[in-house]
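Chain nomenclature is as follows: A, B and C, assigned in order of appearance, with residue numbering initiated at 1 for each chain independently.
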Amino acid sequence: MRLPLLALLAAGLAAPALADSWDDTVAAARGQTVYWNAWGGDERTNDFIAWASGALEAQYGVTIQQVKLSDTAEAVTRVIAEKAAGQTEGGAVDLIWINGTNFLSMKKQGLLHGPFLADLPNAKYLDLSEGSAAVVDFTIPTEGYESPWRLAKFVLTHDSARVPEPPRSMAALLDWTTANPGRFTHPAVSNFMGATFLKQALIELAPDPAVLQGEATDEAYSAATEPLWAWYDALRPTLWRQGESFPENESVLQQMLNDGEVDFAMAFDPAAAAAAVERGLLPDTVRSYAPEGGSIGNVSFVAIPFNAAHKEGAMVVANFLLDPATQAHAQDITVLGSYSVLDPARLGEAEKAAFAALPASPALPSNEALGPTLNEPHPSWMTRIAEDWARRYTE
Amino acid sequence: MSALELHDVAIRPCATCAPLFAPLTLRVPAGSVTTIIGASGIGKSTLIDFIGGHLSAGFEAAGRVTLNGRDVTRLPAEARRIGILFQDALLFPHLSVGDNLAFGLARSVHGRARRRAAVEAALDQAGLAGFYERDPATLSGGQRARAALMRTLLAEPLALLLDEPFSKLDPDRRADLRAFVFDHVRDRAVPVLMVSHDAEDAAAAGGPLVALE
Amino acid sequence: MRNTEGRWLRLTVLGLVAAGLVLPILAGLWETGRAAFGYLPAIGAETLSIDPWRRLWSLPGFSTSLSLTLWTGFASTLLALAIATGFCAAVHGRMSAGQSARLLTPFLAAPHAALAIGLAFLIAPSGWIARVLSPWATGWDLPPDLATVRDPCGIALILGLLVKEVPFFLLVMLSALSQVPVRAHLAAGRALGYGRGVVWIKVIAPQVYPLIRLPVFVVLSFALSVVDMAIILGPSNPPTLAVAMTRWFFAADTMLILPASAAALLQTALVAGGILLWLGAERAVTVAGRFWIRRGGRGLSSGPGLVLAGAGAGFLMALGAAALLALLLWSVAWRWPFPDALPESWSLRAWARPAMGWGMALKQTLIIGLATTALSLTLAIAWLEGEDRAGLNRARWAEGLIYLPLLVPQVAFLYGLSVTFLRAGMTGGMVAVIWGQALFVFPYVMIALSDPWRALDRRMVRAAAALGAGPLRRLFAVKLPILLAPVLTAAAIGFAVSVAQYLPTLFLGAGRIATLTTEAVTLSSGSDRRVTGVYAVLQAALPFAAYAAALMLPALLLRHRRGLAGASA
């Protein structure tokens, strides 16, 4: 008699308790300035964050101060330095745009606040089932320590006026660079984009791509990467500057495409080229495409450090980013052009219509041209490939 | 009783150096100009520095300076009320001629209008009427020297030191300025001590002569 | 006795300098040093060992980074010294001090990062020079695959350092030359049958060198440890040690902080070793030079060397000016495809939205710059006034103290310093950045102000005292107004140094403080050269405006005071 009553009471209390705690969060967040540490190399993203700050201030009285990073690891180092100094609260970093190895590194060292994803009301629009892209970051389960905000997918960009028929596989790319030496390069492998290029090649060239979803053991690693290094050994001398130096990141590479120093750029965002044309940063003859076997895709996340000074504000920002209206605004090609992370099946009619009404552009690849999305390999592959590459090709 | 007195004053360029001159004891009575003569380099200007409170670091001095019976040896320069006229006029280059005089004018004169009038009067006496706003750099050497004297006198010093004040002027100007300076300082009835290596200066001063050796 | 007050002032200032300047550097070195030997509890490293050094040695590209650092550091310093000497010999006596100051000002004012960004665009294979010459002269419809920027040998970096360091050497040389009877010695030497260039090398240079030795060490230390310019112009795979170390400090793999700290200590040792090596070379040159001079060679043929050095300096200045112009042009361009010599379409869009970025950075830069300059200037004046009142000359150790922050490489102690600041509860922010920048601004203000301060006619001050003016009135009503021009010049130099600071803002600002410099360096690795142009133009314009104000304000305020006009430069 007593037990069911207690259970009933508990159940009855639990739901409002959640709502109450979110209301408390919103109330506590009012007036806070959230220091969002986000890579600052992309003006569109910076502008989007500035827009979000304005919208949040109107709605919740929360403002965002973007801390523009040239590398996400800067924010990680900052949190570590704070922990080193024994600063367990009032930290300088409130929210980090984070992925993969940086997330793994912070999670392992207990530098993250959470789990908090389930506390966000808008999390109901996400597919939270196990293995879904919204809860896995580079094969690592996020366990609620980060919240998704944008979808990324690897594409190559070329100037159709100079290269009408671009190579559509890594093998074809080698043929093309051999015929056109010095006209192709990739960002340095220490950079996320450069590493992604190698991972894309790895997935295409590995004898058994399935092993990439597991930890990179010594045995699996040497077997899987052997064709990759053989291919790269042949490719490297045909690269821009004979593969002896590389652009820092995809933005520099995009500028090189614009200057005509190379004929290809690459991005982790199918709309990047279309948006660059819009802003006068690329000629309007550029087109984006994915390799024919499909390309690597993943979701970008935001996470909150354990010692963040404005945790409530940071959660309000994370929740706002998951709002269907925000996601539709972000997918607008004139804004960000980043694809939505929400599960279309969980959206209402009105929300779906907002996505359908977005404008198009010739530089924006069609769904067909994008092909299937390939899963990211386990992060240990990226770490090992980057180290191995540095050892092999740094004199 | 109104006099500037030196008691056994000796100065060394450094703690272990020999003194510049034999210990000097001297009484300079008010209303006359006492002249110290000596070869250049013997320390005439250093003595003036010591009396005025401007001795450079490194110099070691012994003896006392009293002014009207009061021992001023340990007072800072600005508290001694001993005016100095240097070889150069040393008008402050950032101030107009009039403002230079106003800088010197004693605090006891109150009110903007009265202070302005006092300065104008002094300019008038120095033959510099209408020069209030002039840039000191545009004055002739003689004009500058007269302005400097007026600036010094406006501070109402209780004693006056003259450090070869005429040595840089050309000979025909020198006599004029000498007369001008001595007329004015005698009027003030304060002790005046002049150092010079020029016999004409000493003769024109008409007071006692002390040789430094 | 009467100097008690001076002593107190001096003690206070020394205490402030020790606590504010020396202690942070030592604390920073201590923290970095501990991490270099494996002690950094925050990342779970708690045992002392030499593993970080082993790891450092085995990091890919380490030895190349090391030799690159030594090569670019020494080559740029030596070349800059040679070119500046040659240029001085060529123009001395033909140009007034004021003229040369006006000529050098833009190059001294322009921050390293802005110049580097402009230069990178100028000399890149798709850069302005190539665009102007293509395709009519070169036949290039597409940029050639040439490594003219970020080349593996560091030539572009050396060039960038030269553009900045040659004017600096010229400035210190011209001021040193004013203390040497150049005209008389030249005449004497030439009357003995020595060529003009030979007299410069055998007679004038040996007299000037001791006066500029400390600035030479500052430049050597800077060139060995520069980060912002090396990121933009230097090789990238691998980069110089200082850049590699900065990357390791901020790497995703946090255990890299340990070998990075070891590298920071190594960097300090490099600079110390570099200076010792330089001192050794100095001795050798002195001995060799004496023999050479005794041989009595007249060497009338050294003329071409002088012409070459003079042309080199002229070329560097033209390069610098074109770099700054290129920045301005990009900031108002819309599309500027290769090989057009000028933009195809123009737009003010990059300037049009200050609220979206540059407005904030400009505000932060101004606040930090003004605060640091005011702080440093106050401290410098208090120091100099203390010396005056105590009647003491500056001891050698005090001179060394002032130069300390300029000789110890920034990377060596900034990470440790940021940890120390955090531990002291100073969360990274304005105060920390202002403090951190003042470490580097104060020495320059002090150096700029010391000579004019000592050159002030002491009798002016005595005359004021004899008129009854107390110490404060003497300072504010006599000394400072007379020294208005040099004080403003020192302030402008301090402001320019503050605006150009990169690493202190990066390390101590917790990433929250975005100045024009940090933004410009970040954006230089972005895709929009037009926005980068805006930041770099602003970054160069601020110090320039400060110098212009320092030149014009005294001229305006003191236009009726001939005695002070021209006394400024």
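By our rule, a contact is a pair of C-beta atoms (placed from the backbone, for glycine too) under 8 Å apart; a residue touches a chain by one contact, two chains touch by 3 or more.
Remember, it's a predicted structure, so these values are computed and weren't measured experimentally.
Viewed as a network of touching protein chains, the structure reduces to a simple linear path.
The interface with the largest number of contacting C-beta pairs joins chains A-C. Note: centroid distance chain B to chain C, computed from Cα atoms, is 48 Å.
Centroids built from CA atoms put chain C at 39 Å from chain A.
With centres set at the average Cα position, the gap from chain A to chain B is 82 Å. In chain B, no residue reaches two or more other chains under the touch definition. Across the assembly, chain A contributes no residue in contact with two or more other chains. Chain C contributes residues 1-3, 390-392, 457-460, 462-471, 474, 477-478, 481-482, 484, 558, 560-564, 567 to its touches with chain B in the complex. Against chain A, in their complex, chain C makes its touches with residues 40-44, 60-61, 64, 124-126, 142-143, 145, 147, 150-152, 235-238, 247, 249-254, 257, 334-335, 337-338, 345, 347, 356-357, 415, 418-420, 422-423, 427-429, 510-512, 514, 519, 521-523, 525-529, 531. Listed in rising order, the residues of chain A touching chain C in the complex are 35, 37, 40-43, 46-47, 50, 65, 67-78, 80-87, 90-93, 101-102, 105, 109, 181-183, 188, 190, 240-241, 244-246, 248-252, 254-256, 258-261, 276, 279-281, 283, 383, 390-391, 393-395. Residues 49, 52-54, 56-58, 74-79, 81-84, 86, 88, 90, 92-96, 103-104, 106-107, 135-138, 151-152, 155, 157 of chain B are the ones that touch chain C when the two sit in their complex.
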